[in-house]
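You will see chain A twice below: alongside chain B first, and alongside chain C after that.
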Partner chain A sequence: MLGGMLQFYFMSIHVPLVASLFLVSLIVGLLGYIIHFVFIKNTKNPTELSLIILTIGLAMVIRGTAMLIFGKNAHSVGQFLPFESVTIFGLTFSSQYLVVLVGALILAGLLFYVLNLTNFGKVMLAASQNPLACSIFGIDVEMVKSVSFFLSGFLGAVGGSIIAPISFAKYNIGLIMGLKGFSASVVGGFGNNVGAIVGGLIIGISESLSAGYISSSYKDAVTFFIMILVLFIKPSGIFGSKDVERV
Partner chain B sequence: MKENTATYVLIALFLLSGFIIKNPFILNMVSIAALAVIVVMGLNLLLGYAGQVSLGHAGFVGLGAYISSILAIRFNINPWLSILIASLLTSVFALIIGYPTLKLKGHYLAMATLAIGEIIYIFANNLVDLTGGHQGLTGMPMLSVGSFVFDSEKKFFFFVWIVVFFFAFISFRIVNSHFGRALKAIHEKELAALSFGVNVHLYKVVIFSLSAFYAAFAGGLYAFYLGFISPSSFDLLKSIDYIVMAFVGGIDSIFGSLIITVVLASLPNIMTFLQDYWPIVNGLLLVIAAMFMPKGLGGFIKWKRAIF
Partner chain C sequence: MLKVENLTVYYGRALAVKDVNIEVGKGEIVAIVGSNGAGKTTILNAVMGVLKKHGRVVFEDRDITNLKTHEIANLGISYLPDTRTIFKNLTVLDNLRVAFYKNLKVEGGKGFKQKLEGIFEHFTNLEEKMVLKAGFLSGGEQQMLSIAQSLMREPKLVILDEPSAGLSPKLVKDLFNIISFMKKNRLTVLIVEQNVNKTIKIADRVYFLKNGKIVASGKAKDFQDDNIIKQAYFGG
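For the complex of A and B:
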């Protein structure tokens, strides 16, 4: 949400596209870092529950502030490419979809490279699995956490700003979009790159199909229904790994 | 003083204040707050004793409100019976949702309930024939016992605080029972509870379904009291309001959350000029509570321990 809103703001004061995209993701990434540095680090006896509540609270503050600053209306954001639409194999669609597709592929590739092939990615993975063992091996777990907060803010902002020309920028789109992302990873299976892509495709296609065949007002309901169905039948997702632990 | 005695005294004070307060606006406001108290007490059981978050409690309130009103309007079922049926149906619904999600480690329930809340909201908005869509649903009959009709703010005020008393009584009975202590153990250390033979999954599902029952019951009363319901009363922001009330009041303190709920549910009605700022205020309250007082305001009160 913040990504889209800031993108709207910077474009409205005529900052060039690439610069604004860069600025937006940097600002939101820094915000993620600050959230970790100021709030999460200083929480008295942090439990899983209190951290969830904390992040819900922060989300409310950010959302409320965005509503005050930008108003309750949806803002349109200009397309990134100079031409309106592209035609491939007789299919015509808005050029922004191309940007989103390419952007998603680049980000997914980068993320895959960083997480699986670099030393730092392996450290991140290790820190999430066993922070104590990591700190024994001399890894600064807090630093790793800060960086991952920065990265998640950064990626969220890039996603938000490249989707903004399609979805419009509004103060309350973030949560539903986040929930859809969660649905996609539940359907595909957590901790699995192929699963995330397949899950996203399943969610996206079923959403479009249900908008066409049932009614566009129920498309979100269909998405969430599929997620609950998957949780019911196969909680580890289609390509599930053993990461989802049962009690 | 023990916490349950203090809570009963507080509820009795609210009941007595009904004799003094003449202003129907305030009576109405405090009655609505009392309904929120019921929802928050249910949420407290889930947060404080099962350690799980529900982000869709307003959806359950809405489910209770819509099912009971539709039963009463379409099928001419007695309002009391329809509230009961709606609450039972909602808790069965919660059972179905909770069963798979509570089996998983981590906070899948939060996400699943968030989704459920949205689904209920979408259906309430779009099943226009049944729910009246965003224009809302009217035409519920008034609640009555024999020829005594709850038609004024004052009558409902007394009635709703008696219901609050009843639910507080149930809560304390649960908390201080074998079941409640087992839940407490689960919240403290799940593995330890498991090794003592506590059926962790079953207990969590039951408490979730019970908290949905609380919510739906409050929703049913809300519908028949106001005689008008619309989807906007049951959206995500409302769910988060309930979480704020429960968490700031203290997740395992019924007394604390009772006070905080009445305050937080009434303030927006008094300070309407601050309307746009409420999400920020709520968010800040949550942040402060989560950072510095994980047990909420109720955690600061030291109750005399009950020796069971």
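For the complex of A and C:
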């Protein structure tokens, strides 16, 4: 939501596209960093549940603040490419869809590189599994968490910015997008990069097919139906696996 | 090298450790022995900044009482807690890489490779399973991996919390061989163990802990008689 709203704001004051994308990602990334530094880090005796409630509360505050600043109306964000549509293999679609596809591939590649091929990425994975052990090895786990929050804000903002020309920018758009993202993770399997992409594709294609063949009124319901179905059949998701444990 | 002065730790209102004083000299192997619930692990966790404490902890003439765990570790202290330090979803190699992460910034990949070769001389089975996820290792191998991780960092002081717990007799033998190797290399070790006889054999000095208090201490060789150990444990 913030990515789309800020993209709308910067484009409305005629900031060049690349500069506005950079600024939006940086601002939202920094907000993620600040949220960790001020709220998450200082929570006393944090549990998963208390942190989930805290972040939901913070999301509501951010949404309310965005509504006060930008209003309740949906804002139109201009397309990123100079041409309206593209035709590939006889299929014509909005050029922004191409931007979304390429952007998503670049972000997924970037995330894969950071997490799997850099030492810091491995430290991030290690800190999520056993934070005490990381501290014992001299790693400042709070710093690692702060960087994770920055990265999640940064990536979310890029995603929000590039999808805004398709979805419009509105103060409450993040809620349904977040829920669909969550569904995609559940379907693909939490903690699995490939699973997240495949889950997203399954959710997206099912939504479009149901909108075409049944009714667009049901497309959101289809998303959650698929998620519930996966939870019944394979709770760990398509690519998910239980934690590695030898008994 | 390490001085623990009047250490007192509470869990909520319950007193776990009271007025404990421990000293570890450079190159020494010092053991803390005691039965379950005596407060051994609590002392180590408090020294490493995992638990809140009263009293004072000094390492190499520097007061480390209020430092965070990672700051204490970066002074050159390796700690092997009883919960193990492995990352089950990372490979054995990545587990060692994460343990070496702070040194990696200074020594680079070449330093890591050299260190790795040294480690694999003592932990040959880990070399064979380098690309396997740590969660697939047996309990004993996981413990060995934890010890290898703590040695990756070239520590000045190694703190071991019941390293032999849950290991087969063969692995216990290997483990004490590694500790003897540490002793030969003048590495300073503070060890907590329930395996009293084996520990006393390799230790220079020993502290007996009972109900959160030190009840006896002295040179390890003075405690090699079973009756003296019994007396230290049960009084009399």
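As a working rule, the second predicted complex is superposed on the first by the 242 of 247 C-alpha atoms of A that agree within 3 Å, B and C clash if a C-alpha of one lies under 4 Å from a C-alpha of the other, contacts with A are read in each partner's own complex, and residues count from 1 in each chain.
Rule of thumb we're sticking to: contacts are C-beta pairs under 8 Å (C-beta built on N, C-alpha and C of every residue); 3 or more make two chains touch, one makes a residue touch a chain.
The shown structure was predicted, so the numbers you read here are calculated from the model rather than taken from an experiment.
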Fit or clash between chain C and chain B when superposed on chain A: fit
In the superposition, chain B vs chain C on chain A residues touched: B
Partner chain(s) touched by A:N73 [first = chain B, second = chain C, both, neither]: neither
Arrangement angle, chain B at one end, chain C at the other, chain A at the vertex (C-alpha, nearest 10°): 90
Touched partner set for A:I228, first chain B, second chain C, both or neither: first
First, second, both or neither for A:L132, with chain B first and chain C second: second
First (chain B), second (chain C), both or neither touched by A:S208: neither
Contacts of A:D140 with chain B and chain C, given as first, second, both or neither: second
Touched partner set for A:T118, first chain B, second chain C, both or neither: neither
Gap in Å between nearest CA atoms once chain C and chain B share a frame through chain A: 15
Chain A residues contacted in one complex by chain B, in the other by chain C: 244-246
Complex interface listing, chain C residues touching chain A: 48, 50, 68-70, 73-74, 78-79, 81, 83-90, 94-95, 97-99, 101-102, 104, 133-139, 149, 153
Touching residues (chain side chain B, partner chain A) in the complex: 47, 51-53, 55, 97, 99-108, 110-112, 114-116, 118-119, 122-123, 125-126, 190, 194, 200-201, 236, 240, 243, 247, 251, 276-280, 282-287, 289-294
Chain A - residues contacting chain B, complex: 39, 42-45, 47-54, 56-65, 67-68, 175-176, 179, 182-183, 186, 215, 217-218, 220-221, 224-225, 227-228, 231-232, 235, 244-247
Chain C-touching residues of chain A, taken from the complex the two chains share: 119, 122-123, 125-126, 129-130, 132-141, 243-246
